[in-house]
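Chain nomenclature is as follows: A, B, C and D, assigned in order of appearance, with residue numbering initiated at 1 for each chain independently.
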Amino acid sequence: MSFNTFGHMFRVTTFGESHGVAIGCVVDGCPPLIPLTVEEIQRDLDRRKPGQSRFTTQRQEPDAVKILSGVMAHPETGVQVTTGTPIALLIENTDQRSKDYSEIKDKFRPGHADLTYEAKYGLRDYRGGGRSSARETATRVAAGAIARKVLPEVKVRGALVQIGPHKIDRQKWDWDEIARNPFNCPDKDKAAFFESYLDGIRKSGSSIGAVIEVVAEGVPPGLGAPIYAKLDSDLAAAMMTINAVKGVEIGAGFAAAELTGEENADEMRSGNNGTRFLSNNAGGILGGISTGQPIVVRFAVKPTSSILTPRQTVDRKGADTDILTKGRHDPCVGIRAVPVGEAMMACVLADHFLRDRGQIGR
Amino acid sequence: MSFNTFGHMFRVTTFGESHGVAIGCVVDGCPPLIPLTVEEIQRDLDRRKPGQSRFTTQRQEPDAVKILSGVMAHPETGVQVTTGTPIALLIENTDQRSKDYSEIKDKFRPGHADLTYEAKYGLRDYRGGGRSSARETATRVAAGAIARKVLPEVKVRGALVQIGPHKIDRQKWDWDEIARNPFNCPDKDKAAFFESYLDGIRKSGSSIGAVIEVVAEGVPPGLGAPIYAKLDSDLAAAMMTINAVKGVEIGAGFAAAELTGEENADEMRSGNNGTRFLSNNAGGILGGISTGQPIVVRFAVKPTSSILTPRQTVDRKGADTDILTKGRHDPCVGIRAVPVGEAMMACVLADHFLRDRGQIGR
Amino acid sequence: MSFNTFGHMFRVTTFGESHGVAIGCVVDGCPPLIPLTVEEIQRDLDRRKPGQSRFTTQRQEPDAVKILSGVMAHPETGVQVTTGTPIALLIENTDQRSKDYSEIKDKFRPGHADLTYEAKYGLRDYRGGGRSSARETATRVAAGAIARKVLPEVKVRGALVQIGPHKIDRQKWDWDEIARNPFNCPDKDKAAFFESYLDGIRKSGSSIGAVIEVVAEGVPPGLGAPIYAKLDSDLAAAMMTINAVKGVEIGAGFAAAELTGEENADEMRSGNNGTRFLSNNAGGILGGISTGQPIVVRFAVKPTSSILTPRQTVDRKGADTDILTKGRHDPCVGIRAVPVGEAMMACVLADHFLRDRGQIGR
Amino acid sequence: MSFNTFGHMFRVTTFGESHGVAIGCVVDGCPPLIPLTVEEIQRDLDRRKPGQSRFTTQRQEPDAVKILSGVMAHPETGVQVTTGTPIALLIENTDQRSKDYSEIKDKFRPGHADLTYEAKYGLRDYRGGGRSSARETATRVAAGAIARKVLPEVKVRGALVQIGPHKIDRQKWDWDEIARNPFNCPDKDKAAFFESYLDGIRKSGSSIGAVIEVVAEGVPPGLGAPIYAKLDSDLAAAMMTINAVKGVEIGAGFAAAELTGEENADEMRSGNNGTRFLSNNAGGILGGISTGQPIVVRFAVKPTSSILTPRQTVDRKGADTDILTKGRHDPCVGIRAVPVGEAMMACVLADHFLRDRGQIGR
């Protein structure tokens, strides 16, 4: 991964600051002749869009995406298809309301990239977080929509499985519930609880962490590669690039540390369609290569650092001060991370699909 | 990351199978004029070497490393130094005892890469695990020894902090204990407990998981980069490439999901040497860039899949069968993962140090 | 180099088709705090712009570039500077006049990428050449303007030194002449000759090849690296990516094949500012590393394949036919390649400057 | 291309100095199940080996290659095949005769990398040229032998077509002559001339340049990619990394600058096996993508800089001095560059074959 590019054969380069002219991405290496419309990309973007409930930032932007290149009407069928050349996508920033940045311009929010951007570059774009804003993730979701079209037989879905200390009941998991509540939560009862719980967090000007799970079904065996291109390694890297993510696990994850070899072994039986597994502690990956089982990844999202409670900090001169961040913010930034996690999963799988096809020639 | 290369400016390419002629690595991009002796590399290798206690595999190999290129006596001082050209390291395989592989040659161990290598490549080197063997990690440790010399002011140390459900008492953390027990455990009392606990695991032919923590002190602020070259993303990728690792977390990690914004914020005060932090939930990284605090990474290692208890599986023809793995194995492969985790941390930091110096010009 | 990205630390990704919505590029890895205005980029673009004389295509486009990201007013000085994050540049396509493409839509121009794009991708954007259009080079010139700012002490200049069989007289070389004729020609007399010569070519609907020379002065010694990152290798690759280029040479180039070791050796004497060379057959590069002498690169540009004389070809069905290309075209596409060659030189040097600084730490 | 790695999917990393312990390479990304023996690699190496006639350096080394990894007997057929994991090859240095290096240890040979390695790294391995020695090219030839096995239907052959000012007669081109003279020359009569011509060069302690042509037949259409992964760009880069190469051209090359559009156009007619071309000025590449015609690349090799005639130079302290290089040297280093050029062609084609298969899915 380069600074602002990820992927090897399916490569995504993103650009743009929160309050600049526009954000966007360039997707390179996409196979040609894949049907692709701007509506398909917009649909995924709309799922990530802020301001859809009182539980996400009230920034109001249409996030309307434009395709600048790499797609044309097929000369014979007239269907919009990819051409094999780079697909550039653009989302203009429209809600750059003039705002008082005096509080954060010269102070560093604890737990925020303010400090480190300044340490690295000698300056930072303090307007809305600049490049470190979660707004950047919109471009990944757009790229992910293209990645899904590369692998039409793979279904990638994400769910919020924990807010603060409150985990969902996995027995009640219902994928259909995801779209029925503002939390992307698959447990109907826990979603009802989150409503009041998050109202409390929001009203107190606080914020809270969360855990997201992303599952990919229909992934063929053989994707990924030893040793440094392991599928789980690339997935971990991809999820860890999402803002505020502090941990990633595959399958049983950290719980695997507590298991014996007997418990952890996913036993196998012959099945009608190849090998059948009796469990999936591996999360669909062994030795860095997909097994054919569902790929299961979870990641932890820390609470947003922009809160109403004053915190001790220093200013750009190094002097002690306090800071309190007003403005539009997410009480639980993890909620909107669900489609972002899905997009990263889709992009990593598309990349490994092309790399595997290149080396092995399926 | 390419298939068998990691890093961008400090690049490590490894090769070799467990029971082939040799394993080794090529380190490219190392700065010139760094003093480097074969003994310094051997010292780190000796810490990883198997067979040092009854708790690791009894394979007996000297793991003697040779420097093939990239180092010469300085024409004026006579000191062995790097030349700026690729440093190739070679470790010959000496303990390839002829062995009965009939059990695993045609059957897939549950939880092992046997199945997926075969699915991907159409064949696999069944002798000792081939490329998927933990033996490959010796080459990373060798590369890590060079990375440490690139950053002499940074101290990278690792510790085993959990075996099975048993966590160390962090109040009792003593780095000096690490070398005094066969577990790399910083808690003296827990180490004593692990001795009897692992004896039980070992004698029953079972295995157990573990959690490792790696800490880097003295890392300057500013290493890492948005968005897809975040330091934590590269660390997560690096740790996840180690055999059997199923989860990675930075700083508070998954626990951050349970924190409020107030709790998670690492408050700051002015200090004598720049900013002083009142806590380190961030694990030394904000926005993907180092803060100057210690970098803290933890990873979960699953139990080894080679166990004496029979497990249900399928053979290469797809027929149902059972498997039971005899031979020399680690009851807790996590123990030997400690120096490997350190090596990966050192390599990632060296790489980001050079990349940062390139872009910023410090 | 990836499909549409070049460079390693100073990385340029370009996108866009000739008759699509827009073309553009993303420059990643640029150091922060470099003063940069849109006018500086526009100035270089204007030099490449078509329609400035009757000797280049009559396509009329302002080629107005916009900076979308990566530049902001410095919070203290107010000067527009780079932020260290990706700089995205956009040039909208405005002169997509509706046109009759029936001639080239279903036929392949001999010597043109029509055939191979179709062979590779199964379709091609026949409108104005799509991605294979020389219009793409505008984005490189824009990126090159940024690269120049990374190396303010290096002067990169290009000149047309041959059209058809007619070479300039090197004794008459005057850099100031470049801007005084429409050919970027440093030989005043030859420029006068080219005027009538090219009028003949143009009126007959033919086209002609050319040779361009690009010189970089002020390059410090030590840029480049063995073995596969040789400065001359990266320069050759860079020039060879320019449309219609069929050959590249460094210093004495192909003429070096005719020299003896005595003739070719650039002898050295001690000078006031380091070593002084008595000749520059090496073109400023030895062993892939810059010597401190001017870097000298020449490349050959073939005649454009869009001509008025009918040529034998096949159509998309594979049937024999003839083709004749009407429309706006360059009689000598080499003329406009001069600023493009300069841009590629500047980008390669900026990339190697950052890579060298990373590894060596100057 | 990284410093010491080239290729994207078929990646070759080389290491080693002329007078160090060993030289070698790691080939990563090679498809599995390709039959490969050490003898096949040795055969290509033997063609490059020095000391086979009085016209190449008298260094005597068996250049015996060992396969360290990535190849095993197929469990069913017993045939040695690639496993899909990295193939490491090792060639030990045996002829490191102790020698008096006092002349070149502290002086810089004009036209040699002595000066620039020292400028870049602050030291250089003066023994036999260290990393800059032509000995490094043996590892490329070894890698190229593997690349050939990836593309068994492609025939890659090279020929020496010019020494000094003396070009072969293309009418007399006979590929069978190549193996019959010590110059890899396809023109029998010119080869006879070269014998006496080079004897003169050799006896006078001088050296002379040469031009090599490499042709690949049987390359399918569609390999290569716009814009920065053009096949000709990667070929130019690859050839330019060979020691002493100063120019590269494709097809008509520099002569294309003198052609009109009518002359340069390779006209097409329908043929029995797809399109038939009436000429091949393109050298088999249009728009950076292969046409199906033979790929034709030529490169110019300068005379070796190690000559017996004293030349003016400076020493490491910067003082004026003279230098005269005794010892075993090639009067025309271009002769041995023929198999090296073939190997680079084979590697670039294998890489593009895999990349194309990945993106397009043939």
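Please note the rule applied: a residue touches a chain if its C-beta (ideal position, glycine included) is under 8 Å from a C-beta of that chain, and two chains touch if they have at least 3 such contacts.
All values reported here derive from a predicted model rather than from experimental measurement.
Enquirer: Quick one: compare the interface residues of chain A with those of chain B and tell me same or different, with half as the dividing line.
Expert: Counting which numbers both chains contribute, over half are shared, so the two copies meet through the same residues.
Enquirer: Find the chain most remote from chain D, comparing centres computed as mean CA coordinates.
Expert: Between chain D and every other chain, the largest centroid distance is to A.
Enquirer: Nearest whole angstrom, what separates the Cα centre of chain A from the Cα centre of chain D?
Expert: Centre-to-centre distance between chain A and chain D: 45 Å.
Enquirer: Can you work out the whole-Å distance between the CA centroids of chain C and chain D?
Expert: Their C-alpha centroids are separated by 27 Å.
Enquirer: Using the touch rule from the top of the page, what residues of chain D touch 2 or more other chains?
Expert: 2-5, 8, 14, 29, 32, 84-85, 120-121, 131, 226, 359-360
Enquirer: Could you draw the chains as nodes, link the ones that touch, and say if you get a line, ring, star, complete or other?
Expert: If you draw each chain as a dot and join those that touch, every dot ends up joined to every other.
Enquirer: Give the list of chain A residues in touch with chain D in this complex.
Expert: The contact residues of chain A facing chain D are 8-9, 29-32, 84-85, 226, 354-355, 357-361.
Enquirer: Which residues, counting only chain D, touch chain B once they are in their complex?
Expert: My answer: residues 2-5, 11, 13-17, 20-24, 26, 28-29, 32-33, 66-70, 72, 74-75, 81, 83-88, 90, 105, 120-126, 130-131.
Enquirer: Quick check on the complex: what are the chain D residues that touch chain C?
Expert: Counting only chain D, the residues touching chain C are 1-6, 8, 14, 108-113, 115-117, 119-121, 131-132, 136, 162-165, 201, 206-211, 221-222, 224-230, 232-241, 245-270, 274-275, 278, 281-283, 285-292, 300-307, 309, 311-314, 318-320, 334, 356, 359-360.
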